[in-house]
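Every chain is named by a letter (A, B, C and D) in the order it is written, and numbering of its residues begins at 1.
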Amino acid sequence: MKIFFIGDIMGSPGRKAVAGLLHKVVDKHQIDLVIANVENASGGIGVTPEVAEQLFQMGIDIMTSGNHIWKHKEIMPYLDANDRILRPANYPEGAPGQGLTVIETAVGESVAVLNLEGRIFMNPLDCPFRTADRELASLPSTIKIILVDMHAEATSEKLALAWYLDGRASAVIGTHTHVQTADERILPGGLGYLTDAGMTGPADGVIGMDRQVIIHRFLTHLPQRFKVASHNLQLQGVVLDIAATGQCQELRRIQMALK
Amino acid sequence: MKIFFIGDIMGSPGRKAVAGLLHKVVDKHQIDLVIANVENASGGIGVTPEVAEQLFQMGIDIMTSGNHIWKHKEIMPYLDANDRILRPANYPEGAPGQGLTVIETAVGESVAVLNLEGRIFMNPLDCPFRTADRELASLPSTIKIILVDMHAEATSEKLALAWYLDGRASAVIGTHTHVQTADERILPGGLGYLTDAGMTGPADGVIGMDRQVIIHRFLTHLPQRFKVASHNLQLQGVVLDIAATGQCQELRRIQMALK
Amino acid sequence: MKIFFIGDIMGSPGRKAVAGLLHKVVDKHQIDLVIANVENASGGIGVTPEVAEQLFQMGIDIMTSGNHIWKHKEIMPYLDANDRILRPANYPEGAPGQGLTVIETAVGESVAVLNLEGRIFMNPLDCPFRTADRELASLPSTIKIILVDMHAEATSEKLALAWYLDGRASAVIGTHTHVQTADERILPGGLGYLTDAGMTGPADGVIGMDRQVIIHRFLTHLPQRFKVASHNLQLQGVVLDIAATGQCQELRRIQMALK
Amino acid sequence: MKIFFIGDIMGSPGRKAVAGLLHKVVDKHQIDLVIANVENASGGIGVTPEVAEQLFQMGIDIMTSGNHIWKHKEIMPYLDANDRILRPANYPEGAPGQGLTVIETAVGESVAVLNLEGRIFMNPLDCPFRTADRELASLPSTIKIILVDMHAEATSEKLALAWYLDGRASAVIGTHTHVQTADERILPGGLGYLTDAGMTGPADGVIGMDRQVIIHRFLTHLPQRFKVASHNLQLQGVVLDIAATGQCQELRRIQMALK
């Protein structure tokens, strides 16, 4: 089965890139399932229910997220009500929503998607490694295809999780840094890995934000009002080919520009 | 002129990869100048004068480094005595060694190399942006080719520096995360950019370290004795083609495995 | 001369405590000069020009601040226009306002007040140690009485600065943690020191904030809307007796409750 | 019952202060139980079994610790074998030793001691709040006297834990910053609280370390070999008077100098 995982969608420019380019990827690679990280989809930070609905309409089947998911309060009941959008599973007990979901695809195969957040240079959440153990153990053994979005800053934490889950999941795809990495590979146990899927949005900013604002912040350390950049829209992500056994057969990085 | 920039060399496996593969890159791309980040070249942390000499012998012309450069005390007088090896320029006044050097290549062109360290999730050094201003201003205007190694954790800080220096330097190449990124590009002012050049060393570890040790550390948060991994050696870096005007014409990422 | 330094004033409860208690301290200890850290004086984060004016009216002569000073944008021109309110001196060149001021007291003595911010677990500003060197060097040698507000998180950074300035300043008083420390002392060179002056505001919260909100944040790591606590108002600070030579003669910690 | 809690004992100067002063506090305040934080007792970082034995001999009944406890490897089996020395209870499952112990005192009363570590600016351990819930729930209901050492950096995390446990524990005493705070109080539910008990060792250093070394580190950000300071020895801690009901009746801070 072919899965397309889309890197962090950044504000309305990111949604525009999805609207203009997703169908091309789906057609070309005969995609069965589309997953996207949406933690920045509304105004560059967080996602509202309206924007989530808009993205579902565009053809995204499952949404993952990360540290910015809580920005807009309205998302909390939406997370509770909708199991097609995830927040990291390792938020403490009692957080709204869920971090794991199972979807049955048109071709009749079940796919589990697990969302985790790293702790190095980030929030002190529950252990992502042990949360992964627990969540994977909760799945029926008939589910073979398992994709993990590891939303984290440190390369070491993402890589360590991949090796930790090799043989137990189909893929670990990293998000959060907004820069696509060039280290796609399949580990010995069949787990497909990419440290970061990249960012879907304006390439002329700094990780999607207006570059003058970000440069000014680095020069002054005064708080700035963030502004999403707007030019040079691109879609980034990775196409995974996963066998019915759950083994990853191929990863192909995607970088497309909207003309 | 063609420059090959090698990503963080990791311990003796990393040196072995350089010994076995560097000449192939030099031959194939007709490289005029070889630069390498050596902050992990001795035992995975730091570099000793002996190892630095060994690496010069292998054909590296200029060495850059980063936060781990101070690990072995013997390197301090060596940094003072040898202007072919750099530490980040934004360490406070009085630090041993230098962060900027100029080399005249065989073809008669002068190349300046500047090393900086980021501050996000790292040491509170002097401002890398203002240090870059000051160091670039210190160069004679006849020097057009200027390469910057921005050793930093956060993608935003690396990208912001690149945009800040566009039009004033030939390239900003990032190091430190040990994972090569796939975002090579030339900014409008002619600056070549890559968020991270990657790591030269064992690919079967976690950022070059033994993966069992790193996984154990993430699971327990007990201190571990780090150990360099040893299998699946690779050379990573980027080849830059820079015009005599200082404008970057092309960047080509390199990933080679030692058979 | 007798100086009263007031620890971080927290929102309207803090201002109420100042209004009700400051005159008692001034009378009892025959205070010549009142200094207060106001970084939290408006709504618990930042300070507006209106609130600053209100506090001047209450008898505060000089205001210092810290990392939260930039919260309300209106304060920026006010900092530029008014040299009786400081922001940390080690913000990069170009920041609004100033970090050092000199006031002539009613008794005819000149007092310099310097505001600094730490970097450990805080913003990567310019070096507070070197900034102190530079700022102190800018003062005329006739000024002997120099008080420093070191706004910092880590005890080590505050203590190190005190030892560094011993013999060159009259006192280093710490702020930012909102908990008064019990380590007042006079260093061998005559510098009076206290790691933290404490907080002026509601004692029944957590560092002045509503405790249910803060506990909920620690339990869930979801973002919370902060709310200033409201009960059990107190004034905290330290009275310093400083000789005309600049040597500190005595420090007396103050903790008063508003009945 | 009267408990004396001793703040972080720093290297051999700290042990010397205990040897010379502990008996005076025990006699004067008729202490029934002595608890001490020993995470820095050997050379300023960590504690060896030999030093722990030495401290038991000096009259310490229960030892607590913190982030530095793992420094000397030999302590691991010792923690497993000896339930009178604790490491924070919120290290992940599988860590050597224990974080909770119960001791029956000479007067026949049982006292539980719980050790926790904060996560703000520290290691991403398990949640200290939920760990406290779980550990307290594991105690027989006949145990009324419960003392908690909250080893943490941030004042907010220590204060929040105290309010969280008010009515469920007899006292929360903070450690780790090495500076005694002046905020001793009894919360409405009867919990005695002090943000930090202070440091037992040389007062002429910076948090117990040689001040020249620490100042040099802040000026250069080069790694330094830490050295314990040696002059002006002092014993710091807090005496608690706790009723048989578990309610704290009084807290008295202790600061004694060794002549």
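Note that a residue touches a chain if its C-beta (ideal position, glycine included) is under 8 Å from a C-beta of that chain, and two chains touch if they have at least 3 such contacts.
Everything numeric here is computed off the predicted structure, so don't read it as measured data.
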item: A-C compared against A-D, more contacting pairs; value: A-C
item: Copies chain C and chain B - interface residue numbers shared by over half, same or different; value: same
item: Inter-chain centre distance, chain A versus chain D - centres from mean C-alpha coordinates, in Å; value: 43
item: Residues of chain D engaged with two or more neighbouring chains; value: 92, 124-125, 127, 130, 219
item: Topology of the chain contact graph, where touching chains are joined (line, ring, star, complete, other); value: complete
item: Touching residues (chain side chain C, partner chain A) in the complex; value: 70-71, 91-92, 94-95, 123-125, 219-223
item: Residues on chain B engaged by chain A in the complex (per definition of touch); value: 121, 127, 129-130, 153-157, 159-161, 163-164, 177-183, 195-196, 198, 206-207, 209, 211, 214-215, 218-219, 253, 255
item: Of all residues in chain D, those that touch chain A in their complex; value: 92, 119-120, 124-127, 130
